[in-house]
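First the structure, in the form of structure tokens, and then the observations on it.
As written, the chain order gives the labels A, B, C and D, with residue 1 at the start of each chain.
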Amino acid sequence: MQTLKEIQESIIEEFAIFSDWTEKYEYIIDLGKSLPLIEPQHKTDENIVKGCQSNVWLHADFQDGKMIYKADGDAIITKGIIALLLRVYSNQSPKEIVNSDLSFIDSIGLKEHLSPTRANGLVAIVKRIRIEAIARTK
Amino acid sequence: MQTLKEIQESIIEEFAIFSDWTEKYEYIIDLGKSLPLIEPQHKTDENIVKGCQSNVWLHADFQDGKMIYKADGDAIITKGIIALLLRVYSNQSPKEIVNSDLSFIDSIGLKEHLSPTRANGLVAIVKRIRIEAIARTK
Amino acid sequence: MGINIDKIRADFPILQRKVNDVPLIYLDNAATSQTPKQVIDTIANYYAKYNANIHRGVHTLSQEATELYEGARKNIQTYFNAKESHEIIFTSGTTHGINLVASGYASLLNKGEELIVSEIEHHSNIVPWQMLCEQTGAELKVIPMNINGELEMSAFDRLLNAKTRLVVVNHVSNALGTINPIKEIIKKAHAVNAKVLIDGAQAAPHIKADFQEIDVDFYTVSAHKMYGPTGVGFLYGKEELLNSLPPYQGGGEMIHEVTFEKTTYAELPHKFEAGTPNISGGIAFGATIDFIKGIGIDNIANHEKTLLEYATKSLLNIEGLHIYGNVANKTAVISFNIEGIHPYDLGNILDKLGIAVRTGHHCAQPIMSYYNIPGTVRASFAVYNTLSEIDTLVKGIQKAITLLK
Amino acid sequence: MGINIDKIRADFPILQRKVNDVPLIYLDNAATSQTPKQVIDTIANYYAKYNANIHRGVHTLSQEATELYEGARKNIQTYFNAKESHEIIFTSGTTHGINLVASGYASLLNKGEELIVSEIEHHSNIVPWQMLCEQTGAELKVIPMNINGELEMSAFDRLLNAKTRLVVVNHVSNALGTINPIKEIIKKAHAVNAKVLIDGAQAAPHIKADFQEIDVDFYTVSAHKMYGPTGVGFLYGKEELLNSLPPYQGGGEMIHEVTFEKTTYAELPHKFEAGTPNISGGIAFGATIDFIKGIGIDNIANHEKTLLEYATKSLLNIEGLHIYGNVANKTAVISFNIEGIHPYDLGNILDKLGIAVRTGHHCAQPIMSYYNIPGTVRASFAVYNTLSEIDTLVKGIQKAITLLK
């Protein structure tokens, strides 16, 4: 099992090989396409974050001391980034999640997607990921 | 009896001899000082124009086909300009007043005092002078 | 008769910019248009030479700044053919202008009376009226749109009645570009004694409204959408109507006399201009009008028509592309989606290619609900855009499709 | 420790100006301060490189403009030590900020409850509360001033009671320069559960308020009085209080979702920032804070103290000159009259000599009523003023006296 930090590092490594934004976006789009990330029954009003640009859903579970996140989005690029986020955060302990930072997003050149004013729902997703984890550390 | 136009011209001539603003202002200030322009009983609330900067009063009479204006102000420079205005307008027929223009103020370099945004009450005085005259042409 | 695009483009310093290493193609004009150096220089020049608080000041700077500011008001008055310059109230923008009127109507409206709004409005021309109706118990009626993005005028006829106090409609829809028949709307509203407020935010950059000719009661505009600075706009209102509204904000300037017992208000326009205004913005708004006059609004409209026609034709060649808003009478705005592609994704890829478009609901959610879509991609044009930029846009979309599909 | 005045003056292009053929001496800073080139350049640079509508935009320009705008908000937050950046609401100025709160309290106040204001307020901090009291039936109580231009704090103690909901006082009086004991006022008000709004328009250029330290509930400021641009300011409010107020204006940005059935509002700060804001102004406000930080507010205050003391001493040497506002704790503002001379006349002559002062009631008529005077001449100083300018002022007044007497 990789640690959260190790996963972030391997993502950074993977992104290092892309020579231009097109390759990077192709990869993210593929990630976005590859998975229906959340079960239909969890796409509830409670789990939705309505961004001005795109909507996202997040569902959290707690199993064997680990957080299990499922998420989805309606825009494919957003979905691709969600896939990266879940790869990092899902299956980690609440404590590790709470103590983690998001700098890997910066390192792979996707910072703008997590700008609080972008209104694509991703910032809210990250916030919820942490909140759900915090709730399980108490 | 000079006509309104002639009075304006003689004022312009008088002002032509001043070599700087100090002389001009000394003259206006002297004009302002020289006359109590309105009888106390005519300094009524009805006749007052409250400017933001200074207050002015105007009283109008109609005698033998001529307008007789009396006016006053609390600031001396304003009073001096009022004295010039009365020299031009008082004792003239309503028709002449209505048809007159104020360009002499421009010619003698005092235009700024009659700026609508100066809030010294002079613009309102000029307006009232005309309104009172118009009322007597009907 | 034509215009010299190269010369015009040279006036806009931002058009020299690169974005993601490619030259910027700016097609987000309906959100905010770019600013020519004539306007930028006016602002810088104001602060370098004339900056002072206006009105009531005795000193030269204050006098000069006041003259510039009031000169801008006169310039706007003349351009839009308002009867009096004090019918032009400087605001911080369209939203402020609409709220000023809505707030004033709170004291004029009674329960059971009606307001009419349309389905194709910007939120700024919906929410203030919702708030007003909640406050007063008046009812908000909605002129529906049809699939082409037009108002259903027969429905409007049915909604109008003796209880209608106010009709509020935009001159041009920001999300669709539709030019509404405001002259007809005003005429019909007046026939039942209702007043009309026109939101001119999207019209002013493209069409010159003649306020006296169309006999509009209120008309409001933002400078930043018509080559001017941010933070300034105006509300036009007929003198007697503005007089009938209570003041909006209290403060300096809008006061005649203040005691703790009684305060009396100043005359128009000051009654509605409490506090120190956006002086540099107002003066620069005047320069903006000069800029538009210099080119000629008809020349601008003609050029944009060419752009619109060319872009519409080119975009429709793209498979799966659907345009929302298909009326003949529209400004150079194209709202579209591509089958199977989320507008946000397309906007993202276009940005990587240096092309700025807007995506989302464009603050016009009722339109999105009507079409049952999350949003659109909107390309909106201005006088400095070119046919070759449209070619690049089309290529960009094709590239995005390849990536996204 | 000291500051380099020549260097600072060189930053202000307007100080090179001549007025009536003599070099400008600008002593009308309490009305509007002058703008350094750092701020002017920020505005020009914004329009030349980043201009775009902010928030929600996907393209680079919009992202960059948003970052600059939100960066300015953060800068302001840090400078004034607000807890959260969303407690800083951008406004068009102090008047707007006060009206926003007054309008919000309309739904929170009940008949018979009380508001306390002071006798030494600017009209912008009187009229909105009069309007609010008229609307709600609440009562407006006035803290009286004394002959020195100070608030009578014992009277304040008597006015405060369990019915008091809000106390509104300026931090510094614009007409007199008095620095009010706001920390004490806030503490006492909080003891009876009243909230406090401080009008900081005249304080911000001279004193740094630490919002958390003084525990103020609302604080509002205009950029144009503190070396910034016109048309922008901010309202600070504690998060829970801002949340308790209803939205002020309706429109874009302040909306979460709009349907004709129901509209939900966005979170702070957007709830109070309807419509496209003054983007260039907000960004330039950030540059203004940097400018002040660059010199240091304490250095500014020290320099102005020197100016104030020198000017007070010099002016009092003039026969018949009377200064209004004689407290030890005041900013560099001198309001005065000369026996037998109308302030307007003196202002006129000084203008001819290139000296800009303000004359009149300074939008503070209750103070004028207190002293039973039509107005005063006000000389107000900023960091770029010099002792030699004060000498010229004194000579100018003497010349005016000769002419006018």
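One rule holds for everything that comes next: a residue touches a chain if its C-beta (ideal position, glycine included) is under 8 Å from a C-beta of that chain, and two chains touch if they have at least 3 such contacts.
Fair warning: this is a prediction, and the values are worked out from it, not measured in the lab.
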item	value
Label of the chain whose CA centroid is most distant from the centroid of subunit D	A
Comparison of B-D and A-D (more C-beta pairs in contact)	B-D
Distance between the centres, which are taken as Cα means, of subunit B and subunit A, whole angstrom	78
Distance between chain centroids, defined by C-alpha means - subunit A, subunit D (Å)	45
Subunit C and subunit D, separation of their C-alpha mean positions in angstrom	31
Distance between the centres, which are taken as Cα means, of subunit D and subunit B, whole angstrom	38
Set of subunit D residues in contact with two or more other chains	20, 56, 58, 257, 344, 347-348, 359-360
Junction residues of subunit A, two or more chains touched	52-53, 119
Every chain pair in contact, whichever chains are involved	A-C, A-D, B-C, B-D, C-D
Subunit A-touching residues of subunit C, taken from the complex the two chains share	20, 342-345, 347-349, 352, 359-361, 374-375, 403-404
List of subunit A residues in touch with subunit D within their complex	50, 52-53, 112, 115-119
Residues on subunit D engaged by subunit C in the complex (per definition of touch)	13-14, 17, 19-20, 24, 26, 28, 31-32, 34-35, 37, 39-40, 43-44, 47-53, 56-62, 92-96, 98-99, 102, 119, 122-124, 126-131, 140, 142, 222, 224, 229-232, 247, 249-255, 257-260, 263, 274-281, 344, 347-348, 350-351, 355-360, 363, 365-366, 369
Residues of subunit D that touch subunit A when the two form their complex	54-56, 58, 63, 66-67, 70, 256-257
For the subunit B and subunit D complex, residues of the former touching the latter	21-22, 25-26, 29, 52-55, 74-78, 119-120
